[in-house]
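Both complexes shown next keep chain A, but they swap its partner, so chain B is in the first and chain C is in the second.
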Partner chain A sequence: MKLRFNRKQLCIPYAAFLILFVIAPLFVILYYAFTNGEGQFTFDNLVSFFSSTNTIGTLIYSFALAITTTAVCIVIAYPTAYILARSNFKKKYVLLLLFIMPMWINFTLRITALKEILTAIEGNIAAYPFLNSVIGMTYDFLPFMILPLYTSLLKLDKNLMEAAQDLGASKIRVFLRVTLPLSVPGIISGITMVLLPSMTNYVVLDMLYNSTYIMGSLIGSYFNAYDWNNGSMISLILLVIIFFVTLITNRFSDKDDNGGREVIL
Partner chain B sequence: MHRYKKALCVLATAAVAASSFCMYGCAADEQSTKVTLRVANWEEYIDLGEWDDEEMIDIDNAFADDPSEGVFGANSMVDDFVEWFNSTHDYEIEVEYSTFGTNEDLYNRLSLGDVYDLVCPSDYMIMKLLDEDAIEPYSEAFFDESTDENYYINGVSKYIDDIFVDYDWNKYAACYMWGTTGFVYNPLLVDVDDVSSCNILQNGDYFKQVTIKDNVRDAYFATLSIIYNDELLGIPSGDAGTEQRSALLNDTSNEAIAAAEDMLKNIKENVYSFETDSGKADMVTGKVLANYQWSGDAVYIMDEADSDELNPTELWYSVPDECTNLWFDGWVMLKRGIDGDERRKEAAEAFVNFLSRPDNAVRNMYYIGYTSAIADDMIYDYMDWNYGFVFDPSDEEYFDEELTEVYEYDLSYFFGDGYTLYVDAATLELGEGVHSTTAQLGLEDYGNDITYTVYSGGNIDRGRQLFGQYPTANVIDRSVVMLDFGDKLANINQMWIHVRCLDLLDFDPVVIGVVAAIVAVLIAAILLYRFRYRIFIKKYRPRKGYARVDMI
Partner chain C sequence: MTERNIIELIDVKKVFDDETIAVDNFNLQVKKGEFVTFLGPSGCGKTTTLRMIAGFDLPTSGKILLNGEDISRLPPNKRPVNTVFQKYALFPHLNVYENIAFGLRLKRVRNTYKNEAGDTYVKKERLTKKEIDKKVKKALEMVDLEGFEKRGVHTLSGGQQQRVAIARAIVNEPEILLLDEPLGALDLKMRKEMQIELKNMHRRLGITFIYVTHDQEEALTMSDKIVVINDGDIQQIGTPTEIYNEPINTFVADFIGESNIFNGAVVDKFKVRFCGATFECVDDFETNQLVDVVVRPEDIIICKPGEGQLKGEVISTVFKGVHYEITVEVGRFEIVIQSTAYAEPGSTIGMRIEPDGIHLMKPVYTINRFEGVITKNNTVEFGDGEFDCDVTKLYPGSHLDEDGYLITASGEKLDLTGVVVNVEVDTHDITMSDDKDEGGAAGTIISMIYKGDHYRYIVRTEENEEDYVLSCPDMWNTDDYVSLVIPKDKIKMTLKAPAEND
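Up next is the complex of A and B:
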């Protein structure tokens, strides 16, 4: 008996997983989203999403939170990644490790610890819900921003920068015209990895006492009231939004760049 | 290389074959002899055993081989049950024990097709399941008081049983734990007048210092008691008022829901958080001053705060003057799980009876801090052991000759006539109508000739652990069972979403307009920039005298 696998057969475990846990649930969501409690086809759920100022308000709030988080992440992560990637510092892997290490610890534990730190700094943390949520999410997602930036900056050809300098560009100009444009793919994949999850990561909000719902908690509240239909519709709309955001960001990203997911320490 | 592959393949095949054979074999084996009882209970709601040696509860245990052994949880309750059941019945069982976090969680799991035989939902969820005809009634044998092993029917407090009869739950549900709702608070930092009303939730003096439960039912109840504050305080005590009170706090009219929405928005701005579980820790660590809480968790919080190593705090429990939510968690059997299987039903009923056996009830009460529905002498002894006043001078650890004020705590509504407990009067806030006498209480038994001031009767609205576990009669008098929302659930949930979500209508239309305009302009600018060559490109016109050459 000779054991031979061709490529197609090797795909079987993944395909089975995909169908069972991704495709099939998607159809279930679709079914619930377009039916009412009695199982009849309806567009009511869609209409009620866009006719309520609450759901639209939640959508905007989620976006505001996610965009702020992403912006803060970029501001912190870019200089860090730049220093890590460009320096000749021998111990830079230790530094990188310091940024990656928090990812090894469960994030609810980290947020619990963060809660105590924030309480020590701010006193009553319930008074700054938006700020705290941004801090919490930044804490949570920062490594996801640093890693892709780090890899894309690491791959930069030093000669290009030297050439620019030789031709008389100032350091700032070199950065703005050479380094920054070439690191755009890293920025974009960092944005995808931070923006999208932070729109639904309501656990951070719960733990840091922000009592305003974001998309994730809104879906949860519908499921808690046994309203699978409206909950599914919101999930579906969220999915569509994520799809479009990914579509837009993909236009910018480098085709052979895998967004830092290959980093191995 | 190929040889290895072959070997690997043979090995894998053998493993798969062996495991499937075993699975088949085991399954067939179980079906013939073992009954699997599928139980779903709240998280942390049963004794899981492994107590430290010094945790032994030193009361007479009528169910142990030697009564002086006391009550001790060596193994988990479920394991003890399986062991006991298998040694006393002619067939074997095993228990598949799972937990749930909220009633809604349980209900969702049931509607998704999870099958359980015995579950422990709260009052309103029992009502909902009853409406859906999902509950299997208990058998006649379960209610046979002449059988000693029927610990539930022989032990359940008449007070609880009467309520279950009133609501027609008694044939379907066996009460497990019960309690009230109120505020845990720090007496040094919170004014008694403020914590005596749910209004503290929107009281600006406690801005961001009080927490409320993150579930719509408890929040709605507390809100209604603020809205109907005047009406509720005006209702006379006694049975006559019960119906009125119940009608007010189960008001799900559209006006009530709208009023609650407005008030909850204020509360949301004022409270520290809507908490699911974090309130306990925040109360103990002092992050918040008061916490709207279920009585069992209140007892847990008070215990924790007392024994906190860094900064022990004495916390109290207050039942608001307006009313309190009387709640129950009860064991119900599900039709879909039991499915007509007599042995399974017998095992389920045995499980309920086993939990109701007084020594086990004490173990569960000790472990989880809630109050069992069982009213037995042993439970009373346990309360006495816990909170009873120490008159015996030889008990060096607890006797204090400085303490001379005693309150005669009346538990007769629960345990039956004559059951009163002498407790330290300093652990209770003696309210209106409390009268006092003097007596020498320890002389006869212990030769202790201190003259005590004995308080009794009257109203007690605030106190420590005992008050949390067994409210006084005046609190019971203003307690209300909160019914299922029924078909108003969707409206109330919508109200909850209005409260919790950012509402565009809350903003000034001008602000929204300006922001929307800025966003529109930004998007337009980006698009213009992106497609600038297509839109603005100038047609290339060669200069005079030159010709245009198209390059390929």
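Up next is the complex of A and C:
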């Protein structure tokens, strides 16, 4: 017997998954964020987040860490992706693999290895918490910056560079006026994939003995203390931040495409 | 038009990856204001030549002179030439206005000023916003796209994108405009319109155009001068009329326009024999010279049977709009005629060809010549293959002993291994086969030309690109992979140099 589905039936599993694992939890978070321990509606959680210097400090520190990490990632990833995508270098696929391969190794293992290396260099690694956290996060997230950049540079039409040069642009101007603007979608994809995770990934900090809290650790600590309400509120605030960052970045990369996101996800 | 050469290519050669010769021995002079077309089949090297003029590829050897100055090593941005690309290559992140202004924004012009002391000094300056605006507007007007300034390039149709690409190039007022098959992506009607527009633009601007196409009709319509290229070599340079009426070889005759090509022989002064009849002609060749004969289909005049030099049976008549295309069988030859008169299929007609309708050409290939080496199995290796041969022919009266050594007439024993010989094979002595192992060599058919009663093929081997020329009445296809069979007794060998132990 041949099974036949129409389109509507085909979307049932997806819809069920979506409701069960995305929409329902979202409502649970919403519920907890705007209730107190007794289950009564309140704005206290929201007010307490923005009135405490502690939580605001954590938010700023998270941003600082995430922005630094993202910037370092771009600085390293752009030239790498450019060479990988545009050079005639014969072994470039091997090089690409070298950048991708760390993703195949467990991330705790990699950070542990990094910790040992940093200890060997710095001695007491707790002395440089911010620096070490940036190094750890960069190491962890670099492939997510390289891949979208690589794909967006790879599909750039070589004719466009030739056309620019033909119209009188020097190599540098060709880069600034054609290559760079056309790789913006890739940069944006890279930023969204690095900036947001690095605001929350507190495991790296923990493993590298950075005791400062970031957003992720804050949520973790509330949940560990069974304070679902404040934890949910911070999750919600983070969600709103993510929403706005995505909104802004999508405006930059508009319609055209979504860089290399499809390659990784 | 002045008589000055604006651009000159001298012995230009381009080799890719150390082995593939894309362009060889390219010599060309272009005068200021000319419309020159590079015409040839795809992969013939015409685009490579254009890219060398633009500066995207550097010639392996040879020189490119612009106004007498060597520019062959200059990067593209330093050359006063602009290109219209095959796929337009418009910048997707810029709108129409910015695309066209791209070159202008980079440009620096020399402006002369007077200071207070009255001395003049020259300053290199960028164009002002106003100047750029004026030039862009003018360029848009030129290509009929007024009002499109703010449009994104992706919202435009193919023809409009093409116009933007042209405007973007001409707005810089280049000395030479290079066009790489610019109309290839447009439909037929659009293409015809653009051909006329481009031609008008050329006339108005007075810029030298170098145009690349594989469309012979386009080339004939637009050019002042056509350069026919095949296989990296210039075949012929001439005006459209010259190229059409006096093709230099069968390739040009076959590539440009429809043609009947026959093998012929000059029997007397201004008399040539082909298709089983003798014709008067205007080309002066030596008596007994073998020639290739080209007759354009429109130069054959239909008359009553018995009149005219030829008589044949009409096989088919196809209406083509302006004329009928009539295929006639004359003995074993097939002749194509274009005529406004109708001829009933199956009927017998007479045909007349006036002397000036017959064009004679020196045949390029009559015989295959190779250099070969005798192997230890008494076979001969040449042209990327190994063939059985009769080595005793090298020494009159000789024979082979049971060990394979050659015994000369005087009883001397010779080992022929490694002896170099000249090999000659007639074009009609080579046959093609589908069976890869049947022949001594194998290759791909790179050219086929119909000659009335047979096809002339050129088969090229893969390894060293050796060419075999052969005649065969059967039809094969270009790009077929065939093996080449040559009977043992048809391989004519002579000793290259006297053997050491001779």
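To be clear about the criterion, the second predicted complex is superposed on the first by the 255 of 265 C-alpha atoms of A that agree within 3 Å, B and C clash if a C-alpha of one lies under 4 Å from a C-alpha of the other, contacts with A are read in each partner's own complex, and residues count from 1 in each chain.
Following the convention adopted for this analysis, a contact is a pair of C-beta atoms (placed from the backbone, for glycine too) under 8 Å apart; a residue touches a chain by one contact, two chains touch by 3 or more.
Keep in mind that this is a model prediction, so the values were computed, not measured.
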Identify whether chain B and chain C fit side by side or clash on chain A in the overlaid structures. fit
Quick one: classify A:25 as touching chain B (first), chain C (second), both or neither. neither
First (chain B), second (chain C), both or neither: which does A:57 touch? first
Could you let me know whether more residues of chain A are touched by chain B or by chain C? B
Under the stated touch criterion, which partner chain does A:79 make contact with: chain B (first), chain C (second), both, or neither? neither
Looking at A:209 after the superposition, I want to know if it touches chain B, chain C, both of them or none. Which is it: first, second, both, neither? first
Answer with first, second, both or neither: which of chain B and chain C does A:124 touch in the superposed model? first
Once both structures are overlaid, what angle do chain B and chain C make about chain A, taking C-alpha centres and a multiple of 10 degrees? 140
Taking the superposition on A as described, I'd like to know which of chain B and chain C A:39 touches: first, second, both or neither. neither
After the superposition, what is the least C-alpha distance between chain B and chain C in whole angstrom? 6
Shared contact residues on chain A for chain B and chain C? none
Per the touch rule above, chain C residues touching chain A in the complex are 54-56, 75-77, 81-83, 85, 87, 89-93, 102-103, 106-107, 168-169, 172
Give the list of chain B residues in touch with chain A in this complex. 2, 5-6, 8-9, 102, 104, 107-108, 111, 208-209, 214, 268, 271-276, 278, 287, 489-490, 493, 496-498, 500-505
Note which residues of chain A are touching chain B in the complex, please. 1-3, 53-58, 60-61, 119, 124, 126-127, 206-207, 209, 211-213, 217-218, 221-227
Footprint of chain C on chain A - complex, ascending: 157, 159-160, 162-170, 173, 177-178, 181-182, 256
